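Once you scroll down, you'll see the structures, which are given as structure tokens.
Below are two complexes that have subunit A in common, paired first with subunit B and then with subunit C.
Let's look at the complex of A and B:
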């Protein structure tokens, strides 16, 4: 029964001109989007390599200079692109790709691509993730909306019933006829993506495990849609109505709920504006130790403390340059302030994430989207991770510079200049994103919600028997 | 026949609960999206007011400090933050350059979540590095906002499709079409009448739901009546476009399910595929030069400039002999060198910066031309423009800020080079930023052109279906 249903349904699908056209369009668009993404990816990575080397050259060849001048002159941390961003671009377009690292200040990543595009960009891009997340579910709807309703409409249901058939075998046949074309399509796409990725030279290490996880993720997402569409088709009487209902489910879960979620999240846990944030940081900074200001109360307290520790009565007798020491202490204090304020942002973000996860109960799109971005290293969490790494590097750089200043010069000697060869001793900024296992363990809740959806949608299917 | 049709349609729609259902859906959608829009505008206004209040408070402190210093009293602030120094005023007491919201801002978020609505340009720093992006969670930017524009551009067509995909085919499928065929009315006339009535009802529902929403949200739509009417006419013509497509599909395609598929295919095409493809093509045709490489260029330049600071200052003073004459002390410090170098860097970078602006403008011009490929783009862009949140509006604001930053700098630099103190007397002279909204042109043409396209579609359907009406409509069953 199952096999016969499967063969019959598949034949019907492949005879249908609209299905063939739709399949063709999806495959064509997918091909185009992969090609565009590959170009984009190679381009960005080339720029990344050039920028990174050029910036390091500028840093290394500063010549003789006061270490603190060099600290103000600063350097840049650039964010690389990772292989799987070829499949899911995630939020990459909306976050900056370079962070300026300077003394006294933690800067945010600058220059997001979206800011350099027209309003049209907000409709979305023709990328593989757009095809995977939006278009293939639509294809499932097109293939499956009349799976059961046509039996009603053509009167074949009565014939079937008279045969004494087993309902679940029949449903299974229909399920396979709908799922197997989609599975084939997805498998081919991922194999092609894998081949492209493993053949790109020099650009990061590509991990097949991540790709397989992504493949499983999308397969689960499509199974949920297959189940939902079959359920809708079984519970409605007319094909037209089945189609409209299926489409409403699609638009609610893929477009309406994510947008509504973003509004609710912002309403409940708002971010400060950029200027407010800067003003708050400034307020805190004013209250603490300022490395450049020897006359403040905090600076005097620090002086007394250090003098007592070393048992001397004048800062001239200290074995190091007190100016530089104070500078480093000020730096540490400022880093703490930034840490506090950025932690607040991170906190808001975590709370917002909970809103998204809560609303994922109504939309299988949300957990899939978040998981997919996380595996591809194009999600917001990875961006935070990168920004934190850059900040740690900035703090280490400041210490490296101030220590040299303190060790090699005497108090009051602002004219001190470090050797031209000194700058090369600063370690290079290296960043590697979290491993797959870490990403997965961070996303257990998303995985759980998605599994619930998967099981729940199968449970719905079991109701079809009573057709 | 029309009046009979009218009565019958109304009864049908009421009995099938379509009108009731639609009213509730529309009220909910408009209510939620209108509320979101209103909240966003309120947040924006509050942020600007807070920033201005803060500046006012700081200014009072600055004036007090100036007063004490001018009276020769001892002050406790750090030396380099004292407002007698023009550079301290320029860096620690910047003005707020704010982009106030337009009266219709609640209808479309547009680029409002991406860009900031106020900045405080200082005398030091680069204009190129002025950050105009807002601190928003990128996830939020990715998903977009549930605003009125979203409901109108994305969801309203779907309601229309659900409302009109089977007007002819349902009659065919239930067999009542044969009865109708015996009546003295052409099939396309009859479909047209039926669709017009549905359009009429939907329009009434949309307008009423909108007015109720605005009334509940306490948005004074009546005070901006002309803008509101333009908004309504854009929405109605956009709806009419989808009804025209429904008309064509009803006449040309067959069964209800096939109609629904065709209409949904058109929806995917116009709302999702054409916009994303056009965006891809516009960025491919007019690619933005890499910002990362811009950083490199800027850094290289600055490294070079830093080495020759003294020479640059000499050259600068040679170009501006007025400073040498007015100032008798001739003291030269860090800021003298810095400001002269900045000016040089700015001049050198100018061509690079302009490429970005030009590329964006080219992209924008391209989009302006091709936006007619999909009414969804046309309507979204028009609503953004009405709301004052389109890319063009933010571009306009950015340019004004850059001009203001220059005004701010050029007001204070003469003090610096003349080694002249900033005093209480000079305070009222400080430049203020006045935001001028982008003058909107030709928006009223949008509904007219949409109407033209729609009439064309109706005309095509009307003429072409006449030829094969008897054949297809009656023999297919």
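Let's look at the complex of A and C:
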């Protein structure tokens, strides 16, 4: 009976011109979105490789130069584009792709893709994640809103009831007829994405496990929608009402709650403005050692301490260049200040994330979105991770340069120049995002909420039996 | 095969069916006549188990329909006034689905033979129901009953709206089924058809069975007169 109902429902669906047109449009848009993303992805990757190589060449070939001048000259840390960003671009577009690394200052990531676009970018892009998160649930609604109501409206329900049918098998048949086309569509999309990604050159490490996890995630998301839509259809008598209720659920889940969550999170745990942040950092910086200022109270205290440690009475007698040593200490002080202030931002981010996770109880979209971005390494947490790695690299670079300055020159010798071959000794900045297992363990709450949604939606199905 | 024992249905204080006692045996066709609201459809819905009686029992093949809902439905087939099928499916597909729902595994050849037996022209087998007339749909309904191998047939005004030819064909089909031992309860307004096909006839009014006849014992004219008198249409009857 389940198979018969599945076959019957499938025939009805695909003989309906509206459904065929809708399926065609979704498949077409999906194909276009994959094509656009692949082009974008290849383009960005090419830019990344070109910029990374060019910037390193500039660094390696800066010739004889004072190390501290080189520190101010600076270099860039480029954020790689990850393979699964082809499917979910997450916040990548908005957070910037490179960080300028220089002495004394931690910079924000810059050159975001959104900044290169016009205001029309606010309308959003046609991306696979848009199709997966918004359009496929809409397609589920279109295919399933009248799954049960049509039986009332056509009058077939009485004949069905008189046949002595098994309600749960009937529901299962309808469930399969709605879910299997969606599953097929999703499976094809992920297989195509996997094949494209595994055949792209120079794209970094592509992990099939991550793709499979993402596939399972979206499958769960669609099962939740399928269950909700069937439940709505079963509990309403008219197709029109069912459609309106189903669309309302979609609007609330996919549009209203995510936007409300954003507002609530920002309202409850606001970030300081850029101006406030810069002022706070500057205030703290002024209260500590400035590497460039030998006359400050902190610099004098450092001098006395170092002289005492080395048992000498003049900085000229130290076995290293005290200017460079002071600058390194100043650098460390500034790094501590940046960590303190950025940790505050991170705390706010963590608190905001908790608000999102809390509101995920009302919307299966939220945990799916967060998990998807996290697996694709396009979420804010990965960006933080990258920014921290870049900052650690900046601190290590400053130490590398200051140490050379301190070791190879005497106090007051600002004319010292490091050898032209010296720059190549600085290790290249390499960044690896968190492994899949780490991503999953960081998202256990999202997983739990999504699982609860999944189980809850199946529980709702059990109420369909009596129609 | 079809039995009601003091079957009563009340909606609030309104009595839709009042202590109905019926018995339709194997191969018998019982026609329930009556005006709208007489309780005919209520009787059929109670026998289908779609609604619960206020008191009394509805039995199919000796089983109480409420207590043995699934079991009793195995024996019966139901054709309502407007048999609604899936318009985007063909006649064969509809038959295949409804018989499948009832747990029957039939080959295409079987399905075709049932449609033929029900009198549907062969050219319509592979056509979608959306283009079918009411008479053709009723024939698919009969084919569903045949495919199910139903022992009990419950019909709610099945000939209403049919042209005389289609109505006649439908009557003949019922008689064929009756010869196979199917017990039929048919609610109808059609006195002529009732007289043609029935073995027993009952006249209902206000939820009560007012008159009951053996069909062969009464002429059509007397049946009509009795019906009109029962309905209080005395002037017309005279």
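Definition applied: the second predicted complex is superposed on the first by the 467 of 467 C-alpha atoms of A that agree within 3 Å, B and C clash if a C-alpha of one lies under 4 Å from a C-alpha of the other, contacts with A are read in each partner's own complex, and residues count from 1 in each chain.
Note that in this section a residue touches a chain if its C-beta (ideal position, glycine included) is under 8 Å from a C-beta of that chain, and two chains touch if they have at least 3 such contacts.
Nothing here was measured: the structure is a model prediction, and the numbers come from that model.
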First (subunit B), second (subunit C), both or neither touched by A:15 | second
When the two structures are laid over each other on chain A, which of subunit B and subunit C touches more residues of subunit A?
-> B
Would you sort A:280 into first (subunit B), second (subunit C), both or neither based on which partner it touches?
-> neither
Who does A:142 touch here: subunit B (first), subunit C (second), both, or neither?
-> first
For A:352, select first, second, both or neither according to whether it touches subunit B, subunit C, the two together, or no partner.
-> first
Between subunit B (first) and subunit C (second), which does A:239 come into contact with in this model arrangement: first, second, both, or neither?
-> first
State whether A:54 touches subunit B only (first), subunit C only (second), both chains, or neither.
-> first
In the complex, the residues of subunit A that touch subunit C are 1, 4-5, 8, 11-12, 15-16, 154-156, 158-165, 170
In the complex, subunit B residues that touch subunit A = 32, 36, 39, 43, 47, 50-51, 54, 78, 110-111, 114-120, 129, 131-146, 150, 154-155, 158, 161-162, 165-166, 169, 255-257, 259-261, 264, 268, 271-273, 275-280, 282-284, 288, 290-293, 295-296, 299-300, 302-303, 306-307, 356, 359-360, 363-364, 367, 377, 380-381, 384, 390-391
Residue ranges of subunit A in contact with subunit B within the complex = 18, 29, 36, 47-48, 50-51, 54-55, 58, 61-63, 73, 76, 78, 90-91, 93-98, 108, 110-126, 130, 134, 138, 142, 145-146, 149, 238-240, 242-244, 247-248, 251, 255-256, 258-263, 265-267, 270-277, 279, 290, 293, 295-296, 345, 348-349, 352-353, 356, 380, 383
Please give the residue numbers of subunit C that touch subunit A in the complex, ascending.
-> 48, 50, 69-70, 72-74, 76-78, 80, 82-89, 93, 96-98, 100-103, 141, 144, 148, 154
